[in-house]
Amino acid sequence: MAEPSIYVIEKVSPTLKVMYSVKNVVYSGETKHQKVDIVETEDYGLALLLDGLMQSSEIDENIYHECLVHPTLLAHPRPRRVLVVGGGEGSTIREVEKHNVVEEITMVDLDGELIELVKKYIPWSTKAFQDKRLKLYIKEGRSFLEEQPDNRYDVIIMDVTDPVKGGPAEKLYTLEFYQLAYRKLSEDGMIVTQASSISHTPSIFLSIVKTLSQVFPKTCYYGCYIKSFLSIWGFAVGSKNTLPVNLEADEVDRILKQRTINNLKFYSGEIHKAIFKLVDAYLKFYSGEAKIIRD
Amino acid sequence: MAEPSIYVIEKVSPTLKVMYSVKNVVYSGETKHQKVDIVETEDYGLALLLDGLMQSSEIDENIYHECLVHPTLLAHPRPRRVLVVGGGEGSTIREVEKHNVVEEITMVDLDGELIELVKKYIPWSTKAFQDKRLKLYIKEGRSFLEEQPDNRYDVIIMDVTDPVKGGPAEKLYTLEFYQLAYRKLSEDGMIVTQASSISHTPSIFLSIVKTLSQVFPKTCYYGCYIKSFLSIWGFAVGSKNTLPVNLEADEVDRILKQRTINNLKFYSGEIHKAIFKLVDAYLKFYSGEAKIIRD
Amino acid sequence: MAEPSIYVIEKVSPTLKVMYSVKNVVYSGETKHQKVDIVETEDYGLALLLDGLMQSSEIDENIYHECLVHPTLLAHPRPRRVLVVGGGEGSTIREVEKHNVVEEITMVDLDGELIELVKKYIPWSTKAFQDKRLKLYIKEGRSFLEEQPDNRYDVIIMDVTDPVKGGPAEKLYTLEFYQLAYRKLSEDGMIVTQASSISHTPSIFLSIVKTLSQVFPKTCYYGCYIKSFLSIWGFAVGSKNTLPVNLEADEVDRILKQRTINNLKFYSGEIHKAIFKLVDAYLKFYSGEAKIIRD
Amino acid sequence: MAEPSIYVIEKVSPTLKVMYSVKNVVYSGETKHQKVDIVETEDYGLALLLDGLMQSSEIDENIYHECLVHPTLLAHPRPRRVLVVGGGEGSTIREVEKHNVVEEITMVDLDGELIELVKKYIPWSTKAFQDKRLKLYIKEGRSFLEEQPDNRYDVIIMDVTDPVKGGPAEKLYTLEFYQLAYRKLSEDGMIVTQASSISHTPSIFLSIVKTLSQVFPKTCYYGCYIKSFLSIWGFAVGSKNTLPVNLEADEVDRILKQRTINNLKFYSGEIHKAIFKLVDAYLKFYSGEAKIIRD
């Protein structure tokens, strides 16, 4: 194969950039909130970039979304009302919908234009928007949450871009936000958030974990490799009661079966254990500073 | 403007690469002979790349093609029969057609698929293929020339890619090729060839000039800046008699008028003088070794 | 921090390149066998590149070398004679030396100049060359092995660059090479080889595994994330008898203790289980074709 | 030659980046005012970068500095007192010193640390700092000029970085600055400034020319190709009386001889004409908007 000529250049961190080859530009433009590129790549298949950063790709979006959603939903004894903040691509709600015990899914995303683009150009989660349990709101997530009644949700899932200064998600990772989330969660309530790259931006990851732990009595974290991020990606959980880290492999498999979830591509009981075990071993190699994030 | 995400990465030389942003991929594929990318760029407008190298762009293809064609056609006293080797994009014949004294234009290009792509996607020279004086052959240039009668052409214009080892144009820059061209040229015959980048591949430029000078009694060279090549681009002329370097500015303007050429965008008598003068001054700064190129 | 200006550009695959910032060029040159760059980077600390590809970096060379060496040495009931092919950087023998049951370490590397550069510029394994059990030969690995008596080694560890056409290690991954290794291994003999990137060059990984399995009655594979490779890196084992995949976590920890190995930075019983479990889950996402590699 | 691994990545414009290979990092650090990289490159020899942008390189710094200095100094009938603003690298004063009619050279540069680095690492202008006519001040250029008596200088030469928002030279290109310069210039006084890239940032170039023309009764501009900038680089002149554009080639050569300047590497009477002629022809191809620059 001749060496390709056209590439995405992505700035993973100030000191690391990656270039991956592009077969076709499906869409390239800006919504009111962010720059959107949808490209067909050689390495990742169809891929979505927001503000120049890879969000999701055909080859391994399942790994990311299964790991974001299932550990927490399985650890919660009875997750009936779930709130998804962000997740405009639709794959997060797709995974939530697999849990038959969930009765109501509320999704709030800032960028309605993005959701329309996703529906038009990204095939893998289109159907998820048609589930009858879903209510979709196009609003800023934090102010939406402020307007909700207390104790409203059993699980909150945060699927928004990293806490970058001036970025659209800056105030969705702060102490004050987690205090708000705590109030809106029911008795056994849990929150899970994507938590940036453990390998490449460990300070952000560690700060999210530390901030969560100031508010929630119990917290845990885990991570898995996402090829399209070239990283061990992190996830962090805050809980009023149960934690996924305490689930054994066979419990995970049993609850999946109970909820008739049999169409996962990556996640399972064994994988559950592995993704919790490995993170601490990796973290020793990536130095970062944990700060409490405030408004 | 947000920093773009999608770029062409072009290897100008083993030690220099450039990256320029792409708004849209119009076409990306391979013909039997070469890789073809047609892209809309921010810096250059629509652009054609062959085997990953910029060939021509909307913003300044006129500079390249006017400088390739006019100095030699004006210096020839009576250019009736012109052969264009390569030039698949159509702009070289477009410039030749402006000379009303030319009676017959023969164009031979290896890559018929490329010409079809150009007609479909690149608007700026489509009409040039309709001129009644034009005969187009899809063949390898050197073997085509071998089959022609001696003394057949007044001017030969070489618009093919650089002499890269194993590349499609390798044998169109050698001593043996120029000896062949000499035989096929009429009494006052002249050949002009694109001659690679003076600033970035001076060894190739100097070698082409040296090789030409082994065969033709008179030779000259010149160059001009092409933004889409980021270079001072070189051109070299071999002649049995007259040379463009000896034309004064007012002669250039007079012959242009005589031939009713009044739609040039870059070239003129004054520019003619400047592009000959500057090259020697620049060459002192770019060291290269001149070798005779052989089959 | 101002955005840095100086970067390594590394071609991970034909369609993927990475750029990471360089603080200082410690050494940049060529030995008779390969291009060597030793650079201080922002992301990885001091790093060694051979022919433009990252081999090892300060931040996580331990992960790679511990995972290469220990699973196999622990799974072998009595590894007295160990052969290391390649491993010019010294870290592979450093890990082997930690096993007090090993009585004799033979290392054969093609590139004596590289070893001198490593001793001069890369501090982390200098001492390993002083172990009294070590015999170092500067020779091509395959012809060295041919000259050895049959049944000579208990464990062979292959730490050479990927099987690239025309590269120095091309013939160290073939069916014929593994047949040779089989003969030189003692009764319970095992071979372990680095096996390229599972995530980025799965065809190479799968082909190495398949080729090994044509020769050895038992094989297994595993992988772990190496940040400086941006990849899940693969390892493959061929054995006449025991396999590391069958070791339980507590057995690993027990044998480590038995051999008084208490200074590992990444590897442990728990990690052992995780790196075997995860690979199959990841492999489903990376499509590649497994071919038997022949001379 | 093996493809190199280490490169400078330079952002020429938001949509264009170049990468050129680095043999050695001579110095990389930050002064109080700017990021400084001094690198040995394959393409340009030793090179100086400020804030990530190429300022000067061994192979063609002469082209830039000769073109900056001589046209204006030759066009002035009697340049006795010359002020150089910026030019920390020393090459601008080196060219000024060649004019034996100059009696006093004042140089004012913001960054004393940079000058020390230049003296230590960049050999080509070290001697220039020893000329007895030179007075060097480490100060901000505009406030220095404000403190000078009116009508003080015959020629002012501006050799500072581009007018980037928030950059150190932002206020050295404004209407208000040129009004100040006008007052400090003597009766036939002239100012010349580097004026950014004509080919790549034509809006900046055209705006500088336009702003100058609001203050000075006579202005002209010219440009030449600088390989290490990959650009046609622009220069602009404001004058109370004479202009370089009106000098004929033979006058240039005559005055050079008169002033016993016989060691130029690029500039001459013929080149003088060419660099004025070509710019308008090129400008037609690069669209930009001319705005008056104000404080």
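Should a chain be cited, it is by its letter among A, B, C and D, assigned in written order, with residues numbered from 1 in that chain.
In the analysis below, contacts are C-beta pairs under 8 Å (C-beta built on N, C-alpha and C of every residue); 3 or more make two chains touch, one makes a residue touch a chain.
Fair warning: this is a prediction, and the values are worked out from it, not measured in the lab.
Q: Using CA atom averages as chain centres, what separation in Å is found between chain A and chain C?
A: 34
Q: Roughly how far is chain B from chain C, going centre to centre by Cα mean, in whole Å?
A: 51
Q: Do you know which chain C residues sit against two or more other chains?
A: 3, 7, 9, 17, 19 - these are the residues of chain C that touch more than one other chain.
Q: Pick one for the touching-chains graph, please: line, ring, star, complete, other.
A: ring
Q: Let me make sure I understand the interfaces: which chain pairs count as touching?
A: Pairs flagged as touching, ordered by label: A-B, A-C, B-D, C-D.
Q: Could you list, by residue number, the parts of chain B that touch chain A in their complex?
A: Going through chain B, the ones touching chain A are 2-3, 5-10, 19, 22-25, 28, 30, 35, 37, 39, 49, 51-52.
Q: Of all residues in chain D, which touch chain B in the complex?
A: Chain D reaches chain B through residues 1, 3-4, 7, 13-21, 41-43, 59-60, 62-63, 199-200, 225, 227, 230-232, 265-266, 268, 270-271, 273-275, 277-278, 281-282, 284-286.
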